[in-house]
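Sharing a structure here in structure tokens format.
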Amino acid sequence: MAETMDRKSFLDKDYTRRQFLKLSGKSLAGLALSSSLLSVLGVSEKAVAEDKVRVWAFPQGLLVVDADRCVGCQRCEINCTLTNDGCCSSYISRVKVTRNLYSSRNGQGLYTEDNWTYFPDTCRQCENPACGNACPMQAIYSDENGIRRVDTDKCIGCGACTAACPWHMPTVNPETHKSSKCIMCGACAEGCPSGALSIVPWDEIVSVSQAI
Amino acid sequence: MSVKNGINGWAGTIVRVNLSTGTITKEDTLPKYKPFIGGMGIGYKVIWDEVPLDADPLGPDAKCVFGVGPLTASGVPCSGRMNITLLSCWSKGYSIVDAHMGGHIAHAFKYAGYDAMIVEGQSDKPVYIKIDDDKVTIEDASHIWGKGTFEVNATLAKENGPEFDVASIGTAGENLVHMSNIVTSFGNSGGAGIGALLGSKKCKALVVRGTGAVKIAEPLKVRLLSNYMIKDLVGGNNNHTVPCHAQSWSEYVATNNRWQGAPGITWDKASKGPIDMGEQPSGQINVAALRCNKGVFDFGEIAEKYTVKQGGCSSCPVRCYTEYDMDPLAEYDLPTHVSNTCMPIIKMLEWYPNHKDANGESVPSTHDFVDEKDAKMILGGAGSRAADEYGVWCNYGNLYEDFNMAYTTGVLKDVADRLYPGEWDTIPWALMEAGDPRWVWECYRRISLGKGLFADLGLGTYELYQKWGMDDPEKNVAGINFYDFVNGKNFNIGHNGYPRHHGPENCWQAGTLYSMMYNRDCMIHHLINFCSSGAPYYDIIKPVLEHFFGEGCTDAQKKYTPINENKIKLAKWAFIGKQWHDSATLCNWMYPMTIATSKKRQYIGDLDLDAKYMSAVLGEEYTREDQERDSERISQLLRVITAISFKLNLGSTNLRKDHDHVSDWVFDKEPDFKAFDEGTVKLDREDWEKSLDMWYEALGWNKETGIPTRETLEKFDLAECADKLEELGLI
Amino acid sequence: MALFGRRKPGFSKEVEFKPSEIPGEFSDALDPAVNKELDNPKLEKLEMQEKATQVMDGEAKKPDIFEYMQSLPEVKDPFPASEPEPELPPEPQKTKAQLLADFIRTRCRSALITPKALIKADEGESVDALIAEMQADPSCADILTVQGSKDLYFFSEELMAHNYAKIAMLTLEKDDARTVAEMVRFNCKAFPTPTPVYYFARQPFFLDKGRMEVIIAQMQENPEYQDIKVCEAPFNGEKYLYASGLMSEKYAKALANGTEMHEADE
């Protein structure tokens, strides 16, 4: 049912988040964003118009990926694995930038004509997750907070989730033989030194929605 | 991988690749190498144990050791450094040196499960070494031999897969040019002649994929320490802690330093529109990468128009490599994507000395391209790409300073006529005189050939000066000893064939002392970082440093004072600290965290941070005392090896005289000043001899010879070193 | 959360590119460097800004993102509703003095100090009384002042550095000669270093080379600034200023030369 076409509704953080869920991972090109929203997201109108900005609705805020700001430091991978795996790795990180540094799937990176385009791939938090659907053990579940996790008791490390995901985001840990996927902890964005990954709290989005 | 081995910090395995026999073996890192930490320490121990110090540095007995340490890829910021130990083929004494490589390969190597790789023997055909986690193989490189590093790196990444990291030597290394390097990522390279060493083994490249993990005892603590470091301590490039554009949160504004990021400074060529660097307050993580704009520092705001972003090494938030797209180079059919952070991009004007026009007048060889005074930048972009393409190393600028001085004084022409008749006229001097960027490409191409006039430059300063008579006023047309003469372009710190980095010009006796300790330029930034940090000397630098090292330990810029005990203490801390960086591994340009950005901390840094990281990574207490003891052990081994090399290769028994001799210009420059006047950096000879006395005493070395005593060596469990020194009559 | 620091008006530069095809809803392929489509990479920045304005005007007809979202069908919400926020006791009404402090802090967030002249009291009330009340209130202890020659200025030391407030005051009062003299003297004393003329071209001074020549000439005529001297770095002739009472010419020239040669950095 159509919600009331009323800005006041956006005062509710959950309402705002549910609206942004509709846009998770989708192109924003063709939409008008106010200058205050652009400012809070830290992106330019050109970026949005040219489909260079993606947003994902996390519980704690909007994850914004700004490819031009990625400086290839790999600290997103470091923070992800320190936080979630208790070790330091690139391969099992749930946010992936190293594989894009040199010659990524899109033909971008330091060893291509498009030399300086590299940025982290993030989990799309798909509404209908290919990874979960492909899992023969139904090991990918939604926990009590709604976050999709891998049940490591059920996981047999078959790699079906990796193969099924169009972006090969889940990774089977070669040490534990269990799959891991993004659980939206936000460590990557918290530690990003350039703002290429940032989580904008819902409070800020809410305040901007009123600023017309 | 270390998680698999169950070891915290270290990967746990050293791989040995024998290119003569094709065999690959593995050995445990611990416990043997624990007292040597990792990286450089492992390298020095291996060379000590296995390589005769009178071996031909490019011969079959020579080895090199690629090494990383317990902090590499541990989550610690600025730990993307790989050390490569080898024997020098180019500096006086042909003793032990290191190359160092940034980029991302150190992390890949550690994730693959290795602390070090020993490369020995010689292949009879071109090969490359491939590390794919446990699997280490020797692969055919015939299809990439003879090609430039950019093409090779791209080819190998494509052939092996996007998750592989690559480093390769250029044609300079293949042709055994001494001034050669290994190149990785985009513009990151390791020098010191490693290209020639690998070339002598017909080893073209290293490719690495690591799907493993480094085991960390307290991972959340490492993350918290990292956040604390990035928020409160670290500044920008070279740890400059005060911005040089007024920022509303900062009490101070530097007049000109490496913290150039500010509102109004932009990455103009970001693909979707200029990115403004904004303010980067202390206390915030998400802005740390926006402090350094190396292009603007090197060339002024004209660099903004070609800047796409800043890049650099794994795990580092600072990003000191400006990544450019320099359009004007396209007009000369040269690549426009160029990236570097140091000498190879900032000193290219040295290849374009003034020349004589038709009337015999001295005229400039450079011109503006698009903006006023942009030649330094455009020629820099061309030169940095060319240097890396051919795999040429510059010996921290000596390569082109030597060219410039030789050309300007007439030595170059004289040598050409005498030693290479006919070659002069084949050199496209018109390109140089026109300030054409293709000239610098041609210079590097000629050097990389290994034969001819320009290739002599590739010998390195020590052998070049011998061959061209530049070390003897009687033997060159200029009548100069190029090691000693006073000239703004003479950076030779001694007579060993390498320059200061950074020495008396900024760091008083301290910088001069540690500049003399190696067999290449020292690359120690402990002091220069705070000197140039932008922090005010009297309000911050002096009180903070004296808090750590006692009264009188530092001097203000160009206001030096006589030597004292606390200056020696500071200098020793910096000297052994460099071994720490190259063994742990940590970036030599960023650590230590001496001055903080945080006003709340009264700008006092944290010199215990490195030990805190070690404790959190290893899960056992590792104190600063431990760090200094282990670092000094490696420092003592460096000195022992140097002493033995000098004995075996030169017959010398006295390092004070034959190794630590400082060039005359250090004492004779700026004739309008006396040493210790305000406004000069010249030192005093008597004060210098006293400094050496105190320095040797602080390090436990014989005062006459500068060689470690048995008592000192035994303190560091290096008794076998003392035995060898005694056997050779050195102690 | 301040993502990118405080911003100054006019520094965002929009560059006009030929807009690419707006891709399909879930295109993952990012466009190759759009720069390739630029006809003339040498467009002046002002021209580019003008074109951007035109482009932005043309974009005005796009649907607003919030309205667009509301028009879309609902999607399944994988997350539970946020915890209802606890009932907080109603905030005590802020006093006018406290509101004044908030106003000063808001301006500080944009790197602006607040001149006393900007402060208005209600009819019948006095500005001085309001200020006194604020200064007596412990919750406003972060509000400090810096005295200019034309006015008194307020800032919050939580949000702005003391020295920056002083620089802001100097630039606001537009007494360029005084600004230059104060900074030159400060730099000579604190660092110590002479100050390159180009230092004042940077923000927040924005005094270009031509303007600096005029200011320097004025200072040379003014008895208040007789200590401010000019020297040149021998390496490249770059002009530097120093305070003769605090630094000798010899020292100033030597330090200037070191900076210009990037001595510390090469």
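Just so it is clear, A, B and C label the chains in written order, and each chain counts residues from 1 on its own.
Please note the rule applied: a residue touches a chain if its C-beta (ideal position, glycine included) is under 8 Å from a C-beta of that chain, and two chains touch if they have at least 3 such contacts.
This structure is a prediction, so every number in the text was calculated from the model and none was measured.
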Chain closest to the middle, measuring from C-alpha centroids that were averaged per chain: B
Higher-contact pair (C-beta pairs counted), A-B versus A-C: A-B
Chain centre separation in whole Å, for chain B relative to chain A (CA means): 38
Centre-of-Cα separation between chain C and chain A, whole angstrom: 32
Multi-chain contact residues (two or more partners), chain B: 271-273, 286-287, 290, 325
Per-residue overlap in chain A, given as positions that touch at least 2 other chains: 44, 46, 50, 52, 67, 116-117, 195, 198
Where chain C touches two or more other chains at once, by residue number: 3-4, 7, 12, 14-15, 17, 31, 33-34
Residue numbers on chain C that touch chain A, as the complex places them: 1, 3-4, 7, 12, 14-15, 17, 19-20, 22-34, 52, 56, 59-60, 62-82
Interfacial residue positions of chain B with respect to chain C in the complex: 238, 244-253, 255-256, 258, 262-264, 266, 268-269, 271-274, 276, 278-281, 284, 286-287, 290, 297-298, 305, 325, 327, 343, 346-347, 370, 397, 488, 502, 505-506, 528, 531-532, 536-539, 556-559, 599, 672-673, 678-680
Interface residues, chain C side, partner chain B - complex: 2-8, 11-15, 17, 31, 33-35, 41-42, 108, 111, 159-164, 167-168, 187, 189-196, 199, 202-205, 235, 248, 250-251, 253-255, 258-259, 261-266
Chain A-facing residues of chain B, complex: 1-4, 73-75, 77, 104, 107-108, 111, 133, 150, 153-154, 157-158, 162-166, 185-186, 210-216, 219-220, 222-223, 226-227, 230, 267, 270-273, 275, 285-290, 308-317, 319, 323, 325, 337
Contacting residues of chain A [partner chain C, same complex]: 1-3, 5, 7, 9-10, 13-14, 17-23, 25-34, 37, 39-40, 42, 44-46, 49-52, 59, 67, 106, 108, 113-114, 116-117, 125, 127, 142, 144-148, 166-167, 195, 198, 200-201, 204, 209, 212
